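Each of the next two complexes has chain A plus one more chain, namely chain B in the first and chain C in the second.
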Partner chain A sequence: MKAWRTALTALLCAGLALALGAAMLALPGFAVRLPGQVAANLDDSGVAHPVTAVLLNFRGYDTLLEVAVLLLALLGVFALSLHGSGHARPSAPAHPVLQTLARLLAPLMVLVAGYLLWIGAHAPGGAFQAGAVLAAAGVLLRLAGLLPAWAQPGRLLRGGLALGLLVFLAVAAAALAQGSLLQYPLAYAGPLILLVEAGLTLSIGLTLAGLYLASAGWRQ
Partner chain B sequence: MSAALLYALTGAALFAIGLAGLLLQPHLLRKILAFNILGSGVFLILVGLGQRDGTIDPVPQAMVLTGIVVAIAATALALALARQLLDLTGQMRLPEDRSDAEPVDD
Partner chain C sequence: MTDFLDPLPWLIVLPLAWGTLAFVLGPGRGGRLAVAAIALQGALALQLAGQLIDSGARVYAVGGWGASLGIDLMADGLAVVMLLLTQAVALPLAVYARGYFAASPKGRELFWPLTGFLLAALNALFLSADLFNIYVTLELLGLAAVGLVAIAGGTQPVTAAMRYLLATLLGSGAWLLGVALIYGTYGSVSLAVLTPLIHSGAPLAVPLAAALMLAGLLLKTALFPFHFWLPPAHGGAPAPVSALLSALVIKATFYLALRLWLELFLPLTTVAAAQLLGALGAAAILWGSVLALMQSRLKMLVAYSTVAQVGYLFLLFPLATQVPPAAAESALAGGVMQAVAHGLAKAAMFAAAGSMIVATGRDDIGHLGGVGVRLPLTLFSFGLAGVTLMGLPPSGGFSAKWLLLGSALETGQWWWVVVMIVGGLLTAAYVFKVLRRAFLPRAAGDRVARVPRTLEFSAFALALASILLGLFGAPLLELLAVGRAA
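What follows is the complex of A and B.
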């Protein structure tokens, strides 16, 4: 009975893959030329890289809501970690080689994050990539035993977590005077995007690291 | 067939593999991994189909970048919930998956 059900499910999933593939092969051409529209408006966006322009300017509200979702997920992890864990395991002391490596790498990773944030204006890079590198530095430091887990994040940490969303909201509210949501004034678009991205980098880095560090505290 | 279409077709295959894993694997960690494979398939379809005429479309790329970050956050929350379930019940399975296994006495 169980083997029969498994085979049927696998067969149905394979059929779905074939149907999806057939639908993709039969797709008509593009009705709207988005790359052309992005390229045509790139000069007004304040940045020179099309993906950054879409993320922070043309579809800025996507990014705004995404940061809110990220914060919400972290709040969920915090709420769960309040209950503590019955699976207590003593954390083993980290290897000295790992500790030395983490001490060497962490400042370099912060430097790389800053570079990625800056280069995002005209090449692949930006707040998300920079935030991911920052978060990786946090996780690495935690694994080396150099960073405490977040049992109860303090006021400063909570401020840092919310900073990206708050800066983004403040810019959106200020730009609202222009008439529509997140339509930056032409002259200030570049600096405003850099300001938003800097806040986002810090908050995304802290949030992603926090998703790990908050639950890492359960072991103690 | 262009390379972009090949990406999209691979994405469809990944989507089906992830869906099968999500339905068939009772262990929650495997379900979460399967869900990530399913999501990666969707990202590959979006990026692949977005450039099927040869020009790279930045809009699906930005959407996928957004999606990746949300997927990470969702995975972390799912892992925390699974951990909570393990603490409460001692099992990494959902109740409906437990019923056809041997009965648990607790």
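What follows is the complex of A and C.
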């Protein structure tokens, strides 16, 4: 029975792979050329880097929802640990070399995150990369035993987690007065995108770190 | 200033905002905020419906860019009917949930933030006109739903949530693969740009993408034989969660399947594929009803009833494919009416079942004796919801099945008529199984406590709405026709 199922699964996968391969070989040229449209509208986007322009302006609405997905993932972790055993992951014995290294590296990582945030406007970088570096600093400090696990995120921490999404929502809604959702006024597009990205950097950093640190979960 | 008060974007911004604020407020907080905000969302959806009746379907360019560079939202009759259903189900359920979690606090810590995100995902999904944006809304919807299944804690709900997570991720993955193939073929993900392109010629990648996307949606809608994840997930969650999931979440992916079938991939649809979908629907009706009849736990019975009722939705596909336009419109009206009627009735049924479980202290049909005396209004709501599910006049379920039956007879597909009649009889059997028990006197050693009034009245409001839908369904069908080429 089990062999049959394996064989059937393998057959289905092989069939799908063949069909995908055949479809790839038969692809025609694009009817719509989006990269050209992005380049043509880059000057009106408020930033000079096409990826940031797509993420925060042209398709900023997708990013808005994705930030909510990220927060939701953390809520899912809280939900799973809600009624669990509740004991914190045992922290490794504090190693003096690791602790010293972490103390040296953490401020540098915050600096790198700030740089990535700033440079995102005209080079590869931006809120997601900066947030990932911040989160890595948090995990490093936790591994070195310098940061406690989140037994119960307090209001300040919850506010920090929600800040990016709230700032993004506020900017998106304020733009309604000008025209449509997320339609930045041309003159302020650059500063507004930087404001949104700054909020996102903090919240994404906290959220990603939280996926690791929230071992003891969410209790009343 | 009129732009600022446009109801369309606020239907998405508002639930995201109150969901996030409920999270910041803290564990279990935010219920009152949620009730007020959902009432406002209901008013916004009604305002949007009024705009559509007056001046036709709307396209909304987020960021002012327009497709293909930016993302478009679109509100036509079908989308707004689903928006109205969402807010109409969510408002009584929010009132219900406040009472329910006061009586049975397990899982209340994260209910409100997750519900806010869930409603934002639903509203965004119904309004989206962009294949990649729909993928993002599917992820938001799936993760919120999985989180809600897990909030009660314990081995069984967490196992059900993990199984649900794997199923829903596989479904989203299939959708994303399809979107990648479509983008690779045409270079755009906007529905408005893609529809004429696909209608004028589709290379091999497009039918493959269509099959993948549809398969992913069927998995997420829990159509037989993909229903394996639904009963444990819907049957194990707290009652307000079960109601939200059964009434709304599976309807969202059904809605997408319908849109793809009737609009984007219309030239690729075949009678054989439509008959296959109808056959799966028929199998779901029979299999789900029989299994519902065999359950001993009340919530599992209601969950298997959802498996069966999903089947009726898919009878619409053979009835609307390559048939005269009048028959197809009647089938579409019947299918959408079934989605709305089932949404209201199933929310009422899960809410009533939750009240009975709170009152008796256990989820067991064998110990419902005495409920009829102690909770008459709750039992009446359960019965009214049952009337809608069976399709008896004058309920919304009757209108839905009447339209579907008419369309089946008109197109000469009598075999679906047989399935619908047998399904109605089986539904009556499992509804009466519960009612019969509840009218028996209380057994020695059982207890039936009173429950808060809000629990009884919110379930009754939903059940009553599902009945009134049959009497006053005409404006809804008028709205549904907005934006559909006659």
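By definition in this document, the second predicted complex is superposed on the first by the 207 of 220 C-alpha atoms of A that agree within 3 Å, B and C clash if a C-alpha of one lies under 4 Å from a C-alpha of the other, contacts with A are read in each partner's own complex, and residues count from 1 in each chain.
As a working rule, a contact is a pair of C-beta atoms (placed from the backbone, for glycine too) under 8 Å apart; a residue touches a chain by one contact, two chains touch by 3 or more.
A quick note: this is a predicted structure, and the numbers were derived from the prediction, not measured.
Shared-chain residue A:Y61: touches chain C; no touch with chain B.
In the superposition on chain A, A:L20 makes contact with both chain B and chain C.
Within the superposed three-chain model, A:G179 lies in touch with chain C and out of touch with chain B [touch as defined at top]. Of the two partner chains, both chain B and chain C are touched by A:A73. In the overlay built on the shared chain, the residue A:V38 is in contact with chain B and with chain C. In the superposed model, A:F30 makes contact with both chain B and chain C.
Shared-chain residue A:A3: touches no atom of chain B or chain C. When both complexes are overlaid on chain A, the residue A:A187 reaches neither chain B nor chain C.
By the touch criterion stated above, A:L104 is placed in contact with neither chain B nor chain C. Across the two superposed structures, the residue set of chain A contacted by chain B and also by chain C is 20, 24, 27, 30, 34, 38, 58-59, 62, 66, 69, 72-73, 76, 80, 83, 218.
The touching residues of chain C, counted against chain A in their complex, run 1, 3-4, 6, 9-10, 12-13, 16-17, 19-21, 23-24, 26-28, 60-65, 68-71, 106-107, 109-110, 113-114, 117, 120-121, 124, 132-133, 136-137, 139-140, 143-144, 146-148, 150-154, 158, 161, 181, 184-188, 193, 197, 203-205, 208.
The touching residues of chain A, when paired with chain B in their complex, are 2, 6, 9-10, 13-14, 16-17, 20-21, 24-25, 27, 29-30, 34-35, 38, 50-51, 53-55, 58-59, 62-63, 66, 69-70, 72-74, 76-77, 80-81, 83, 85-87, 128, 204, 207-208, 211-212, 214-215, 218.
Taken together, the chain A residues at the contact with chain C in this complex read 19-20, 22-24, 26-28, 30-34, 37-38, 41, 57-62, 64-66, 68-69, 71-73, 75-76, 78-80, 82-84, 155, 158-159, 161-162, 165-166, 169, 172-173, 176-184, 218-220.
Residue ranges of chain B in contact with chain A, taken from their complex: 5, 8-9, 12-13, 15-17, 19-20, 23-24, 45, 49, 52-53, 55-59, 61-63, 65-66, 68-70, 72-74, 76-77, 79-81, 83-84, 86-87, 100.
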